[in-house]
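The structures considered in this document are given below.
The following pair of complexes shares a single chain, chain A, combined with chain B in the former and chain C in the latter.
Take a look at the complex of A and B:
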């Protein structure tokens, strides 16, 4: 499709292109779920440059306004751009000074419009975003992808999390999880991602948002187990084979 | 092109003579029919006394489910079974072929087959065909050296693992295994975990579906639980049943027995072989 467009001269040649063609520094999956008091979200702190794990202290979750929490996977620079847009949005909202503030539903809608519009101009923001929040007792958790697909659910994940974490969440999530159970469930998902996603790092943060506000935990790492006997001695019974 | 003085017999392996012509035809819009794949979830795990294998039962032809209840756990030897994912014809043919080779080997040696024997035969065949035989297998069995579980990839590489998943639903099943597997499971716990992993594939992956097959192999004994779970029953069956449209009316019935018309000559020429 790209080459056909070039032939028609609609988008110019690729060499002087100003559009995003490939992501460079990327973050891997974000997993989030609704629990009793609000939303729990987990993301690791890795920024990969292609196949190198280049940056290991990238905060991929940020609080937005008073009621929302945004987590992003994909191109880190585009995430920072989105944070600038949202900063402006929240600033203008505060300037109204009318006692009302943008809730998670509104921020999600704004992000959907931004992502979809950029995609229509063939210049996408290369991110999958997870937006969670609580306002007036109402919990909200939604996702927007880089092409503008958006939806709302009880548990969401981006990237590899869709394949590895969603099945676990579909089986084990239920209404009114306690905080400890929610964290345990998220850690279970993050551990599977750590084992099976090549761009995952063992340094993650868990963020919680409730009516009171946002808390992002300090970074910590998960315990892993490598002691299976088949790992110690894979060629038992056939020495010298592999 | 100069033709040789005598016909050189083909050397075996694949012949790629028609590839250019196929490409040209595909460009003109006529695509070859898609292969029957077993877009699949297959799993295996090692438990206390042996190996448990599991598989779903859906076979797909592109976007269509062509077989709702196929068998993906293939027999290799009385103590070795193999689950297959990828192109159905390839998995069937390869497992059948190695199964016969193992039988001949058993006659020759007079001993029970070992899992590493099946492993080596399979991996040599698949490597020989450089990945064109698209069979991804989970091979498990119990022999005199203990329980073994291996995965074999289409290009011929193998892994020895305590738990393994393959197929399109492998990530969903692996998520279950990574979070719940531990060493020294009992038989019931193992069957439960395998069923959970296959169900995870069945419900979260579009290429897997229908029922769950399980096979438990222990020393000297095996149990093939075909359709161990049926989590996709046919709902809303009409109680009235089917009624076919009325046949055409019978106006006249005339029966002519054929015996009277046929003349059989006894003692005719016997059939020449």
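Take a look at the complex of A and C:
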């Protein structure tokens, strides 16, 4: 089965070395926001394989060291590899045994360097990463894309979340959200994503990181609402429409 | 043959492979068809390959790629076993497979690693294209697996016995063979538990018939020669 869409010029042929050309098993949106005590992050547990919703219990958020939480969308194997890199990073940091530990800002910077350098070699890690954390009372929430674009903000989202969740967050986020309000806001975003993102799966986790540490909720599902009268008979008066 | 495939969709892989855990071990299952284009190159292949005494792998996708990966992993595991002084764990075997798949992204092979070790009991690891590793109570792979997602969603349950698990696997592979052109031949299963490994073989005539399939006959002549049924009387 050889490629019929050979790309000439800069990209070379498909069988060249080890370049990630396109993702296979992918995770969809991650949404996160800063709240009173730290960061709240939500992601569903789906691993899609093209259009098939193949894996339904993939943990796309993981604690990194004591102070950070990483969420990823995109190719799951690349996310698993990033977790291995970070494992090593945290291990070496602990081995210094100097009372210091890497904070979210440092981890975010490390990830940015990794992603950007891979992009320069035309062999990207096919992920959009969300890095949140709290250290010494300072809340931090940042994002890195597969091409190395990185920034910090009060609320971030990847993938479809960019289009569906961020407008909601822009409207309804405010400084010093309580835990309950933060969770409700994230759930509002996740529900919209569930309705409108084909690769969303109704099994999600919400993670919280505060000065005390990381807690990732057990998997759970959201109720959905279908009771609009317009939904019951949408084509009355216009048979054949949809 | 469709020459303008969408390269961004995962390539479908000729085969049906399944791995299922039960209380005490694992059952691996596969069909036996190897095709080159439309021709069936081997109608009785063995897609369940041994890695160690207690770990086997189901291979799908490119026959060459899956064989070379399993050959390397068998070689590495052999050395690992000698150094370790005891049988390798399923997790180690699966991670070796993952390393090869992940670091050689051009390989077109989806693998299911299954086995039994004394630390974790029976375990199944799915390693699809790209090199993601994912431990699951059961997993399906290959082109024939498309037809089995719904079936397993309904038929799978936790805590099956060895017999139930094997029946489920045989039924599933048989259903996939019925609908997937790239799957066919016989159903092979391998059961791995603390007692050891058992290989089973289910030729087509032992499998149930599905929709629109007819009972196989030796010849038309046999049908013609049996008397037609008596007309019914009230």
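In this section, the second predicted complex is superposed on the first by the 222 of 242 C-alpha atoms of A that agree within 3 Å, B and C clash if a C-alpha of one lies under 4 Å from a C-alpha of the other, contacts with A are read in each partner's own complex, and residues count from 1 in each chain.
Note that a residue touches a chain if its C-beta (ideal position, glycine included) is under 8 Å from a C-beta of that chain, and two chains touch if they have at least 3 such contacts.
Please read all numbers here as calculations on a predicted model, not as lab measurements.
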Contacts of A:170 with chain B and chain C, given as first, second, both or neither: first
First (chain B), second (chain C), both or neither touched by A:196: first
First, second, both or neither for A:66, with chain B first and chain C second: neither
Which of chain B and chain C A:231 touches, first, second, both or neither: first
Which superposed partner A:241 touches (first chain B, second chain C, both, neither): first
Which superposed partner A:105 touches (first chain B, second chain C, both, neither): neither
Which of chain B and chain C A:188 touches, first, second, both or neither: first
First (chain B), second (chain C), both or neither touched by A:119: neither
Residue ranges of chain A in contact with chain B within the complex: 160, 163-168, 170-171, 188-189, 191-192, 195-196, 228-231, 234-238, 241-242
Partner chain A, residues of chain C touching it in the complex: 3-5, 7-11, 98, 102-106, 108, 128-134, 136, 146, 149
Sites on chain A touched by chain C in the complex: 1, 3-5, 14-15, 18-25, 47, 49-52, 54-55, 57-58, 75-77, 80-81
Residues of chain B that touch chain A when the two form their complex: 46, 114-116, 119-120, 143, 145-146, 148-149, 158-162, 171-172, 174-176, 178-179, 183, 196, 200, 203-204
